[in-house]
Structure formats: structure tokens, C-alpha cells
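Order of writing sets the chain letters: A, B, C and D. Residues in each chain are counted from 1.
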Amino acid sequence: MLKVGLLGAGRIAGVHATAISSHPDSELVAISDFYPETARKLAEQYGTEARTSEEIIADSSIDAVLIATSTDTHSDLIEAATAAGKAVLCEKPVDLSLERARACLKNASASGQPVMIGFNRRFDRNFGALKAALDAGEIGKAELLAITSYDPAPPPVAYVKVSGGLFRDMMIHDFDMANFLMGEAPVSVSAIGSSIVDAEIGAAGDVDTAVVTMTYSDGKIAVIRNSRRAGFGYDQRVELLGSEGMLQVENMLENTVVKSTTEGVTSAKPTYFFLERYMPAYAAEWAAFVEAVTGNGEVPVTLEDGVAALAMAEAATQSRKLQKPVMIADV
Amino acid sequence: MLKVGLLGAGRIAGVHATAISSHPDSELVAISDFYPETARKLAEQYGTEARTSEEIIADSSIDAVLIATSTDTHSDLIEAATAAGKAVLCEKPVDLSLERARACLKNASASGQPVMIGFNRRFDRNFGALKAALDAGEIGKAELLAITSYDPAPPPVAYVKVSGGLFRDMMIHDFDMANFLMGEAPVSVSAIGSSIVDAEIGAAGDVDTAVVTMTYSDGKIAVIRNSRRAGFGYDQRVELLGSEGMLQVENMLENTVVKSTTEGVTSAKPTYFFLERYMPAYAAEWAAFVEAVTGNGEVPVTLEDGVAALAMAEAATQSRKLQKPVMIADV
Amino acid sequence: MLKVGLLGAGRIAGVHATAISSHPDSELVAISDFYPETARKLAEQYGTEARTSEEIIADSSIDAVLIATSTDTHSDLIEAATAAGKAVLCEKPVDLSLERARACLKNASASGQPVMIGFNRRFDRNFGALKAALDAGEIGKAELLAITSYDPAPPPVAYVKVSGGLFRDMMIHDFDMANFLMGEAPVSVSAIGSSIVDAEIGAAGDVDTAVVTMTYSDGKIAVIRNSRRAGFGYDQRVELLGSEGMLQVENMLENTVVKSTTEGVTSAKPTYFFLERYMPAYAAEWAAFVEAVTGNGEVPVTLEDGVAALAMAEAATQSRKLQKPVMIADV
Amino acid sequence: MLKVGLLGAGRIAGVHATAISSHPDSELVAISDFYPETARKLAEQYGTEARTSEEIIADSSIDAVLIATSTDTHSDLIEAATAAGKAVLCEKPVDLSLERARACLKNASASGQPVMIGFNRRFDRNFGALKAALDAGEIGKAELLAITSYDPAPPPVAYVKVSGGLFRDMMIHDFDMANFLMGEAPVSVSAIGSSIVDAEIGAAGDVDTAVVTMTYSDGKIAVIRNSRRAGFGYDQRVELLGSEGMLQVENMLENTVVKSTTEGVTSAKPTYFFLERYMPAYAAEWAAFVEAVTGNGEVPVTLEDGVAALAMAEAATQSRKLQKPVMIADV
């Protein structure tokens, strides 16, 4: 039984708390938060204890920590937890600073502890099925990847200001998806973006609508589209053209009812936002972590993967400002 | 070049006039109608001559006639035209009276002339593709057939009164579709129906909503659903469960636009009514007739097929009144 | 906290054990089974106690029982449990004998205890959304209902022999669905069927493929199609034509991947069989039961509903043998 | 009756010959071709005369010419025909040289004759319906446009060498589609591409897979994906995210048959290549030309539109070589 400390008690921490508690081989033994009262409430709900992050990390009876705190604490906590001999599952992104993330990677690697980054979408059964079909050669070799990822509504501008920007905060999921599906990092990244949804986001120096194109050493191409507002809800699709066909992941809909009237033929909207869409993926992610940690220690999404996605976000951020492609090797 | 006389100049005759004129191997040489002025107008539109049906049939330079007159004249015209040595394509149904249709079959057969019945849906590319897939063994052996056929709006009650009723007028297409797909006639027919759409239709002794089930000698089953009003338009679907899978023909939509808003994900309505949906099928039907008549004379939909569908309509009509299944052998 | 005894420890009991355990307001305190070892194993898995059904019913500290035993014990257990002052959720069907079920209804009603029948499909979010849209008037008034329900593969003939037949064992779900959606019972039931899938099933006196049509007092019509073998998996669809449009529930697919190759455009198969398709419905069913029992006691699916569906199964069974429609009032 | 000369007698000229002949208000009076025998054959098929382009342009009884010759002759023929007082419908692109095309625009404009460019996709009913929905405000304001356009198989390398490259030959349709839907030209164009499908195409200096992103003055973004080989056929889709929703044009399929087996749920492939997919659009394009020429002379796709699309192709070609965005104002 893996004894787990949960660092952070916000919304996504609640999702993880459920996953940890429900798994037959893991036990949630402590929860911390910057606001002790928040930790106390979540701990009460799951019948466990509220402690500080320091106490949790120092407790040698705890085997693993799940880091779901604010991004600026991720690197420090990864380093501290691995140094204390704990396995780590950390929410994305590793850090807003690529330099800091690389240092963290160096330090954590030295510990020999397994560190997994929470790119939950890799564990979505739809993307997983696409990846499996690709690996089985069902469409030949990958040539042109298109990822569409739209949020239903923009976050508050206050959040945007501390988020690191759309590329580090939102598109980082898509960068990792590209790496997951393509099986390698791109050579160059080119980004355009605008604040057509909310001018305040533009005033804060960020974009709310963006397209990034990426080239690969063998000629493959990837394009990612992001918007902070889809109007109809949460849009999460992937499309991959291969040498012998195409694979697509379509949206999951709220239900399968189809209504035909004089207005047309209407289906339900996509499931609303990430908690609804990816809830099973969070559970599968946790199961994969437990299996890795209690097995050979080889996690399916590594800290290297986290740094690689962050490098792409950094390149995209630079590319948009420089108005030219940026080589991954240069960031 | 097949010289063709068109008997009847109503709406469906116009469709046939286009098909006859457009075909490279047929020429529309004369048009008749109960109302000479109607014939004159259509003839003018197609640059041909208006004559009486008698004149057309008597004209030995005319090779074939297409009968698109009112149903009560079909049998007489088939007999007269075949007796005069002409090939015939006649609109469905052969007759409202099964007895009269059988006599017509006997007389026309004696002439040795090819007589084809206008079950246009057999020439729809979608139903044709389903039939081809079935014949290719793609779902094993047929087991359970379901035909859905809804009109967008009920006809005037005045029409209903002379139509022979829903089973002879509307469902007859579906009876023929069942024979086309199943490759044989059913053993028994059982019908229920009601006038839930329009009470006036019920007062006229007919139904506007009906379900017919049919059994086959080897255990196959078919079910046909008809409604005179679908609200959203024209609904024409077929579904066939086989021993190794299922084949469905879905509706054709007006266009492929999909709109996603807070209201849901909306596609276009099905193409509205039979002229829009089956226009290409009418042309294909005519091409098949020309090919048969100028070839070996074996038409793809025979007068026997027309009589078979009429027998099923007769059985359904009786079944609804008797409130019990009726054997095809007994009608 | 509702203390619950689970009678029966077979496959479906395992599903219920999860639902009972996971619900925040219910506690699984004991499990029984005809085979004590089976009960012991399931009890161990859920950290609870194995006892006999008699002990569970006699234990006044237990508030409710969930009956998931073999069908022939349902009526007796419902009567015993309600007499002992317990709320009951009983798997369908109430009984194979309509007479016995009616006696059970009378006896259980006298107890004043809530008795709910486990027609889980009413709690499927898709059928629920269709019902909600219908009730909201989105397609006007219901006119023609079509329920399609195909299993992936036939059960062993040994099971068929004790199942009460396809109408009581399999189509009973669809009879209840018809009552749920139509809001009333039919007037007459007419059934045809054959054993085209497996001749052994026919030799055992049952059918494996069947179509039932039903009429309603106001002219509405319903048709149910069942097959024991769909080849491609589990097919669970509903289609309701109303005066102003149509509502359909489509199948849920295993994933949303679409593959386009020279072979065509291929989506995943429907989720395989009832455990996969209806798992969330079982949890929702249990939640509804808990809410009713801890609330005003008015369960959403009553014992009367269970008897009504059984009466329709009885009528269908008779109709197939008599080869004519059977009035519900006559069974 | 518009008397029309057809310049060019190749494959696409055959499509136009049908459209011209079938239209009630136009008459095909002469056909020319670089190979007189080719012109003779097509003329014979349509019962008209084979002449030289010079003779056709010099014939004052001819009202309009349709130019379907090789691209390098377009500008000269547009100038000659308009100078001779003829209305012109010219196949895309106007020219491979942007400079030459601009000179042609200047010269042809001076003639006052209507000149329409054959961007047939504007007349496809699906794209037309999307445009109409956008103009009706159904998704608010346009924000992010994505055009997907894949051919089924790459052309011969010999063709690639004289085609002007993918951006001028293939993507030019998509550039025009962007202008049609966005209602304005972009500010900047950024292109990446590779020859991952066929290395020979790369050796010839061209790409076979490309992504172009474009920015607009108000912050809108467009992205176009092209591949010379889709494997599954011809892929022609458009997707437009607006401030209040999304509009998509999906592919048209060969038929509406759906097959469900253990392999999955399979629909037909998209209609194969442009003749099948866009045949009705060619007829609608011709009808629009006839209506404009016989009406107020204002054609729906102007020579300016043709030059605008060519400028975008030029910018994309430069961008790919320079590896940076190119301003439309700079080409």
C-alpha cells in the first residue's frame, strides 16, 4: 500500500484526492495547503490528516507525494521530495522558468527517485486509442498533426497575469500531446497569436487565440490551435494524417441524444471543461503512477517530458515576440 | 435511339421528361395527359409534341412508353401499350386492385414486351450500396430488416380518399424495398395503424401512422414504420441486422455544415421530400430501363415485382382491419 | 447512513456492491448468497460480512435490502423483507409468473415499505435526456416509439430454458422503457419472433429474434426489436417520433477515434454489453433509491412498474403463440 | 442566349462544356485547344465547332469565353478577349507571375468587360451554407479559420515542375476560400512545408505537405493545411471559430451506408477528388457567371480576387524560403 501525501488542496487536488483514495494500492495519509484551513477541509472530507508540506516531506513513512500546489512551488517541492526519497507526481507545468525547470530536472535526477509529470491527457482513452492505432501502423507513418484545444471561457485577467501566458499555461498540454504522438520533439516552433477574445488579456501582454506550427527533423509538421473561448464549450480534438490514412479524436458529447426538428439535426454539446472530460484520465494517470512506483520505477511521463514541453512553450513565447520561427535547440 | 412517349404530364412526369431527354440513347417524342393543355405545356418545355395516349400507343414509330398517369389507368395502359408492341416503364402502383393487377400481369406477359415498374428507390445509390454490401456477404445472412419511411407532411384528405390508403400508396415503396433487400416475399403480414397525425385521415378510413411486421419462411423478420408527417422533413432509412453485423442507410442531408453553439451541435435537415432525395435515382432508373430494353429485355424491376408489392399492401390493409396477421398466400 | 444488506453475490450483485459502498449515505453491512462461499468472497472484497438472507432480513439494524438473487426468489424475498420493515430495491423481473408478481405487489403494498424495481436503463443519462426533452415539449406529442435492443451474443441454452423466455428476460427492459417514455401502458401487444440465431433456442421453445408492436388508447404506436446477437456488440437505441420532431438515443462508443483509410471512415464499436454501457446507470439508480428511502419514500420505479412490464411480457408471449394481438386487459 | 467560346479542351474544359451546354441561357458555339484534334473531339461530343482561340476571340458573334487553357496563357487570353469586348470566365490561377497578373488586371479593367475567376469552391453548397450562416451572425464574429485541403494522391513530378508550386497551384483555392469567408485579405502570411510524401517533389524545389498561417488587421487568424496525399481520398473541410460558436463543413461521403461489424462502425469514404465533389459547384459557378453577364455585369468572383489569392501564394512561397512571415503589402 503506497502511502501518499497530497501537497495542495485546491480544485485539482480534490480530483487527485479521489483518485488516490479510490485506488486499491494507495492510501491518502496527509494533505497540505498554503491555506491550512483549505487543507483541513479536504483532509476531513477524505478522512485523513492536514499537515504542512514540510511535515509531509519529512515523514519517512510517506512513500510518495502528489504536488498540486501553485506552479511557482513545483520545482522546490520536487527537489525537496525527491531528496527525501519520495516518488513524485507533479502537476504541469514543471515551472514557468525553463532554466529553473532544467535545474530541477538535474537535481531530481540525481536523487534516482521516480518523478512523473501530470499530463493527464495522455491517459484519456481516446487519445490513448489514437496512439495505439498509430503505433500499430494503421495509418502508416505520421506526417501532419493538428491539435485543436479550445477552452469554454477565458480565465480572469488576474490569473492570466501570473499564468506564464497561454503557451506555458494552456498550450503546454498540447505541446506534450504532440511529443506523445510524434514520439520526438520538434526542431522549430513558430507562433502567432492575438487577443481577439478579450482585449484585457492583450493589455496584460498575453494572447487568447493562437496558432503554433512546428517542424520535425524528418519533415513531419504539427499545428496547434488554441482559443480561450469556444462558445459551445470545451473542444479537445486531435487529427493526424499519416502516409496511409488519418486518425482523429472527436469530442465526447454530454449524451447521445439527437433531436431532429425544422431547425436541423442537433446533438449534445461536448462535455464541459476538463474536470468532466478528463475525470477518468486523472484516475488512469494515478493508476499508472502507482504501477510505475510499485513496479520498476519507470514512469510513463517523465520530468524530461515536462521540461521538453516547457521548452516548446518558451520557444513559442519567443517566436510570437520575435515574429519568426525559433529553434528548440536555441531556447 | 429509343423513341419514347410519356403518358401523363404531372409533377412526376416532369421528372421523367428530364431523365428521358437527358439520356444519350433515348428521345422524348410525345407527351399526353388527361388535360391536353397540361400535356401541351410540358411538351413545349421539352421541345416535343403533345398527343393523346391512344395516338402515342398507336404510333408504331414509338418504341416505349413511360406511364405516369393516375393509378386507375395503369393496368389498361400497360395492356394497351404492350399489345401494341411497346416496352413499358410504369409508375407504381400497378393498380389499386390486386385482382386487376394480376390480370394485367397475365395479359402483359403474353405480349412478351418488357414491363418495368417504377420503384425508383432501388436505384438510389445508398440503398444500392447497402444491397451490394449484403450480397457481398459483408454482414453474413440477413435476419432482421427495419425500414423507416416518413413523409414531411400529410397529403390533402381528398387525395387520401382516392389513394387506396397508406399501405397501397406510400408503404408500397417499402414493401418493394423489403423484397429487393430480402430477395423474396414474406409469408405473413401484420399491420397496425392509427390516424394520430390527422383525425380527418382516420375519418376517411385510412391511417397516417403505421407499423407492419412481416415473417419469412426461414425465420427472417422485417418491420416497416410509416408516418405521413416527420416534422423535420423526409426520413428514408433502412437498417438490416445480419448474422455478422448490421448495415444502415442514413438520411442524406441538405449540406454538410455543422454548427456548434450553446444550443448544441447542429447539422442540416434531411433533403426535403422525394424529388430532392431521389432525383438521381429517377435518372438511374431510366438508364436501367433503356439498357434493358435496348439489351436483353430483362428489366431490373418486373411487373411481377409490382404485383408482389401490391399483394403485401393488400395483406396489410386486411390485417389492420381483421386485427390479425394475414398470409400472403391468402390474398 | 442507510445500512444495506445485499441478497445475492453474483455478477450483477458485484455491480450493486460497488454502488452501495461508494455512496456517501449508504453502507454495505452484509451479503448473502445461495452459495455461502460466493457470498463470503464478495463480502471479503468489500470488507463486510457474509450472512444468510434470513439473517439479514431478521436483523432489525439493517434498513434496506437489495435483491439480486435468482428470479424465482424475488417475490418471496420482497414479501419477507417488506414484512420485516425494510425498504427494497429488487432486480428485474419481479417474477416469471404474472400471478405471483401481482400477489407480491398486493402483499408488499400492505407493508407500506418502499419497493423499487431495478430498471437501470431509466437512469442512463442518455435515455434520461431524451425523456427530459420529450417532457419539455421539444418534439410535441409522442406518436411513434421504436426501441432497438440487441445483445452481442446469445446466452447458453441452459440459461434460456429457465429465463422465462426472451420477452420476460430481455425485452422486459424495453417494455419498461416504453412505459417510462410513453407515460402509460399500451392497450394491446402483438409479437412475432423466430430462432434464426440459434436453432437450439427454438428447440427450447424460445425465440432469439423478435419484434413486438403495441398500440395505445390515443393512437400512439410502439415497436420493439430484440435480437440475442448483434455481431458488432451491444446495441441500445431509442427513437421517438413526435408531432413536431424526433428524438433519438444513439449508442455510446468505446472511444471517439475515427480512422479514415481506403477502407472507409471507421469509428469504434458500441461499448460492449450492459456492464460497460450501464455502469453509471447502476450508480444513479442506487442514488435515486437512497434519496427516495431517506426522503419521502416515493421510489422512481415502483413494484407496480415491475408488474406492468411483466404483464406486457406475458401478453407478448401469448401473442406469439396465438399469432394475434393480445389485450393487456386480458392478461 | 449567351454565345460562348470555350478555350481549352482538356479534362476541366469537359466539365465546363457540360455546364455551358446544359444551361438554358447559354450556348456552346466553339471550342479551341493547343492540340486541334483535342478540340475537334470535344466539339464533336457537344455538337459544336472546333476553331482556334484567335478565331473565337475575333468572332464578334461570340459574347463570352471560358478560358480553361494552360496557366501560362491565361493573362494573354484574358487581355485579348476583354479587348475584343467579351465577358470572361477564367480558370484559376490568373498567372504564375504576380506581376503579370497585376498587369492583366489593369489592362482587363480598362476594357470594362466582366472577368470572373473560376474559384469553383465558392459555389459549393456546403461552403455557401457556412458563409450564409456566418453572414447571418449565427456564430458571432469570425476569429479563427482552419481550412483543410488534402488531395488523394500527388501529381506527377513533371506536372509539379511547371505548376508554380503547391502554394500557387493547390493552396490558391484555399487562399481564395479564406478571402471569401473572412471578407478581407490577411496582413501577413507565414508558411512551412516539406516533401514528406514524395522526395522527388522536394528535389523539384516544391513541397507536398504545408501549413500556412495568416494574421488579419483586427486579430483574426487563419491556418491552412495542405497535403498532396490523404490516403483515404479527397479531404475538403473548413472550420471557423467565432465569438459565439463554430461552423464546420464536413466532407461529403460517397453514400450514407454505415456498416457495423466487429471491426467497428464504418461509413463510406469522401467523394473522390474534385470532379466528383465539385461537379454541382461547376454548374452553379457557370450559372452565376451567366446571371452576372446577362445582368448587371458584377461577377461574384473578380479578377481582383484572383490577383489577391495569387499575392497570398506569392507571400507563402517567399515565406517558406525566407523562413519568416511575409507581409502581403510587401509582395
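Brief remarks on what is shown
The working rule: contacts are C-beta pairs under 8 Å (C-beta built on N, C-alpha and C of every residue); 3 or more make two chains touch, one makes a residue touch a chain.
This one's a predicted model, so the numbers in the text were calculated from it and none came from an experiment.
At the far end from chain A, in terms of centres built from Cα atoms, lies B. Two chain pairs, C-D and A-D, are weighed by contacting C-beta pairs, with A-D ahead. Here the spacing of chain A and chain D, counted between their Cα centres, is 41 Å. Note on chain placement: the centre of chain C and the centre of chain D lie 58 Å apart, centres being C-alpha means. Across the assembly, chain C contributes residues 139, 230-232, 235, 244-246, 259-262, 268 that each touch 2 or more other chains. Residues 230-233, 235, 253, 259-270 of chain B touch chain A in their complex. Looking at the complex, you find that chain D touches chain B at residues 125-126, 129-130, 133, 138-139, 244-252, 254-262, 268.
Chain C meets chain B in the complex at residues 139-140, 143-144, 146, 148, 150, 190, 192-197, 209-211, 213, 215, 218-221, 223, 225, 227, 229-232, 235, 241-246, 323-325.
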